[in-house]
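The same subunit A turns up in both complexes below, where it pairs with subunit B and then with subunit C.
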Partner chain A sequence: MIDIKTIKEAEVLTMNVVGDVDASSSIELDTALQAAIESKEEKILVDCTNLNYISSAGLGVFMSYIQDIKANDIKMVICGLNEKVFNVFEILGLHQLLTIKTTKEEAKSHLGEV
Partner chain B sequence: MKYKRKVPCTKEQLKEIRGFVNSSLGQHGLSDVDISAMVLAIDEVCANLIIHSHHCNPKEFIEVIINIVPHEGVEFMIVDEGVGFDINQYDEPNIDDLIRTKRKGGIGLILVKKIMDDIDFIKKNSKNTCRLYKKIDIS
Partner chain C sequence: MPQKVIIRLSAGFAFIFWLLYLFTDLFILFSKSTGINSGIHEAIPNLMLNLFIATLYLYFKYKVNRIESVNFTDLLWNIFVTGLLATLGSLALRMFVLALGNSKLAQNIFLIDTFYIMNMGLVSLFLVAVFAVWKRLILYQKSKFLLKIWTTFEYTLVLSLVFNVLPINIPESYSQYYVVLLVLMGLFLSVNMRWVAYLNFKQKWKSILLILLVILYLGYFANILFGSTDPEVAITNTIWSNVFLIALITFTFIYSLFSLLVILFNLPTSSVFEQKLEEVLNFQRLSQSIQADQNEGQVYQILLDSAISAVMADAAWIELNQEDGSIDYFRHQINNDEIVKIKDYILKNKITGIFDNSTDKSLKIEKHLAKLKGQGYKSILGIDLNVQGQQIGTLALLKEVTDGFDKETTNILKTFVSQAEVSVENYRLLNQAIVNERYKEELKIAQKVQSSLLPDKLDTNTDYDIAAFSIAADEVGGDYYDSFRINENRVAIIIGDVSGKGTSAAFHMSQMKGVFQSLAQLDLSSKDFLAKANTAISNCLEKTSFITTAFFIIDQSSKTIEFSRAGHCPTLFYDKKAKTATYFTNQGLGLGILRNDDFHKYIQVNKQAYTHDDIMVLYTDGITEAKNSKGDEYGYDRLKDTILLHVKETPEVIQRKLIEDLYSFTGTEFIDDDYTTLVIKFKKELASE
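Now for the complex of A and B:
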């Protein structure tokens, strides 16, 4: 259902999220994000190029870390959302609360890595 | 045109339900974004029932019925037996409060209300029906 691969390149922790994030699989996204935040990563790039679907369970995971990200001065960027997935963020207005970039290059540039 | 699917109450069945709604609506000339929004709304209602009303018990079932009304819209009925959950009685949480309290749940039904035009809950004997209606030009 979901496959998350985490790679550390230079100062950026990149999480490649593949598959569907729904009520049965959101726990894996939660675990991966929590680990990244607890290990004091300063720059997190969530690459959703191969994310096919997200439900409220997945959105809830991103929302629940907004405060921790601010409090710990972490830069987190989400990129590669397809039109259908972006629409879900947009319905709730989360595209204004999270940093979302269209491409991985833009995301890296935002993190000061290009 | 009517489509029906009955599944056991496990979270793993959500993908099956999404596939069923996606392929049923896919035959009626709708855009991918419109279809995916409706798939999401049905996924949210079913996830809520499976987890909170049926506690993921595979011996219990929910049924999803899709009724296409050409040029008018789509009627979805999600039928189960048991305690029942009336979405209309549910107070929508405030997004800012959810962020502040770091709560992960509570936004699914906000999405359902934003996507669908009409939501009814009907309880008859032991059967509960959550009826969702989306006005949309459909073939």
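Now for the complex of A and C:
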């Protein structure tokens, strides 16, 4: 089960991802990210504070947009990953390609700086 | 004894008894006229007659029983033919007598007696034949009670024949009571004519004709027997043989008359019976029309035909909604244009209660239909066809009369429709099952192919032993391990995990095998290997898929392991000297994540020297992420602790203990992911150490 809420405030599109991202629910994440990129958002903040679990399919979704983000010059920050979830990102090496911040404040300030 | 033999024997004996009857009778007559004592008892001819009748009955009983099918007109036809032959024979005798005129020969008492006995034979033949057939008809669908009455009736009849030959005098008035008793029993039995209901219209007419002829014959024979009273020939004509004959003729006549009347009165309703029978047959056809090699079309065609005949519709169609949005039609006496016209009209005028589930039946359907010029339909009925809870189409029936569909016929239609629905549903389920079965077979083949992709035996050198274990959650999986001997000293080992599981993962896993087997030959550094593997595999992976691997080169000459990690779970290494187990912490990036030349920047090359009894544990995340019922993961710490408990064992035992611990943690052997482990243990005495 997954619940994604998208809010736009001050040029930053914030996506609140709540629940588990598994093979079936990763489609929702994919749809949300695709919509954000297609609508030419410049700053995207993915808040994963309430993300409990992410499967390889979910990682695949994040991974598949790495090059799009780079090509479109989009600033995307992921924040609030719990230890277990961050560990999954780290093992795969995704933390080297994605901007990951511990707290939402850090993420916001990162987006503000840029 | 076979029936055929009984029939032939009884026919033969009947003929012999008849001859004996004739000769004994003539002999007695002769001895009387000459005044010589014949020495033959006067009852002998009657005894012979009785035996003749008995064997004749036996003959017809078996003959009638041989007609197995319940074809009643055939039975009637049989007695008609017998009757015809008997009457013709009897008429021939009469003609002969007439031809003789008043000649002396005609006055010959022996000739008259012979003719009388011949007539007697013919009459008995016909009466017994009719009796046997009537018995069969009366006892059709018999009850126990009816059978009892019939048996009593038969015995009473036989008894009258016995009285005929018994040398006792019974007063004549008694015989009259006896006849009355027999006739009453016959009357009671004659109300049993269930067989009439099973005749169709044509058969009824045929039966009426045949029974009329039987009655005619009966009249003729009654006339012969009781009409001419020639006292001189009546020596065998005792009171009691008359009882038998009167009772028999009366009974056969009563039953003939009853049958005739019942059939006549049943004539007007026979079409209804036929229709009901047709409905039952249609119902049967509908329920039998499910066979795997047939198509649904046959079911719809039978439904359409059955529905039309059940309500006597003038036109009808079945429309079926196809998956692509088009509509398939099965039509009867109506063309597509007319159908479209009617449907458009109903839609345009918002007529409810026909092609929708609304209970609000429009009362003005007739009026509306009348407006559809040139069609002449005055009533319409639509019934939905639902299969697996989904409407697949509609059955529509049209009649040229108003109020054409009453409640009874509508109910029958609905049963037809639901039977057809069941048939179609069964047919679909059956086909689905067949398809599923085929998929299962295919998966089994895929499983075989894939298991051959994982090596039975891994390459080793004199420095280490290795044990491997891998299970896929589905029939096929995405976990991969392999080895390749590069040269005398160097062996390449790989473990990999394709994202996702099942068939797509299995395909990528086999691609990975190809990549490994070709690149490993090139003796690349672990970093170059992964960079080239990334380039190769990126081209074949879909956008959201990736593969994690860990690649090792064990070099015997330098006693080192060179390794790089591409997003795979960190390898556990047990250092014998330090007695500690640690996870390698090298950086890496999964294959397929970065599909350009920058990939190599994220890959590190690491080296680890090994010594005897060091242990290296490779695994996939299926093990560390396996959950117990509480939702806790097996985890890195537990893996490490388990290995530390068994460091003294061989790699096979370590591997087995690990899996045992994993199962005891999860509480089941069914883990919802592919899981693999490779345990490498360096030997006690390393080569040239």
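Heads up, the rule we're going with is that the second predicted complex is superposed on the first by the 112 of 114 C-alpha atoms of A that agree within 3 Å, B and C clash if a C-alpha of one lies under 4 Å from a C-alpha of the other, contacts with A are read in each partner's own complex, and residues count from 1 in each chain.
The working rule: contacts are C-beta pairs under 8 Å (C-beta built on N, C-alpha and C of every residue); 3 or more make two chains touch, one makes a residue touch a chain.
None of the values given here were measured: they were computed from a predicted structure.
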- Between subunit B (first) and subunit C (second), which, if any, makes contact with A:M63: first, second, both or neither? both
- Query: Taking the superposition as given, does A:L92 touch the first partner, subunit B, the second, subunit C, both, or neither?
  - Reply: both
- Message: By residue count, which of the two partners contacts subunit A more extensively, subunit B or subunit C?
- Response: B
- When the two structures are overlaid on chain A, which partner does A:I7 contact: first (subunit B), second (subunit C), both, or neither? neither
- Could you look at A:D22 and tell me whether it touches subunit B, subunit C, both or neither (first, second, both, neither)? first
- Query: Is A:E83 contacted by the first partner subunit B, the second partner subunit C, both or neither?
  - Reply: first
- Query: Touching A:A35 in the superposition: subunit B (first), subunit C (second), both, neither?
  - Reply: neither
- Task: Name the residues of subunit A shared by its contacts with subunit B and its contacts with subunit C.
- Result: 23, 26, 30, 56-57, 59-61, 63-64, 66-67, 84, 91-93, 97
- Listed in rising order, the residues of subunit A that touch subunit B in the complex are 1, 20, 22-24, 26, 30, 53, 55-57, 59-61, 63-68, 83-84, 87-88, 91-93, 97
- Listed in rising order, the residues of subunit B that touch subunit A in the complex are 11-12, 14-15, 18, 32-33, 36-37, 40, 43-44, 47, 50-51, 95, 98-100, 102-108, 110-111, 114-115
- Query: Touching subunit A in the complex: which residues of subunit C?
  - Reply: 499-500, 543-546, 548, 566-570, 587-590, 592-596, 602, 633
- In the complex formed with subunit C, which residues of subunit A make contact? 23, 26, 30, 56-57, 59-61, 63-64, 66-67, 84, 91-94, 96-97
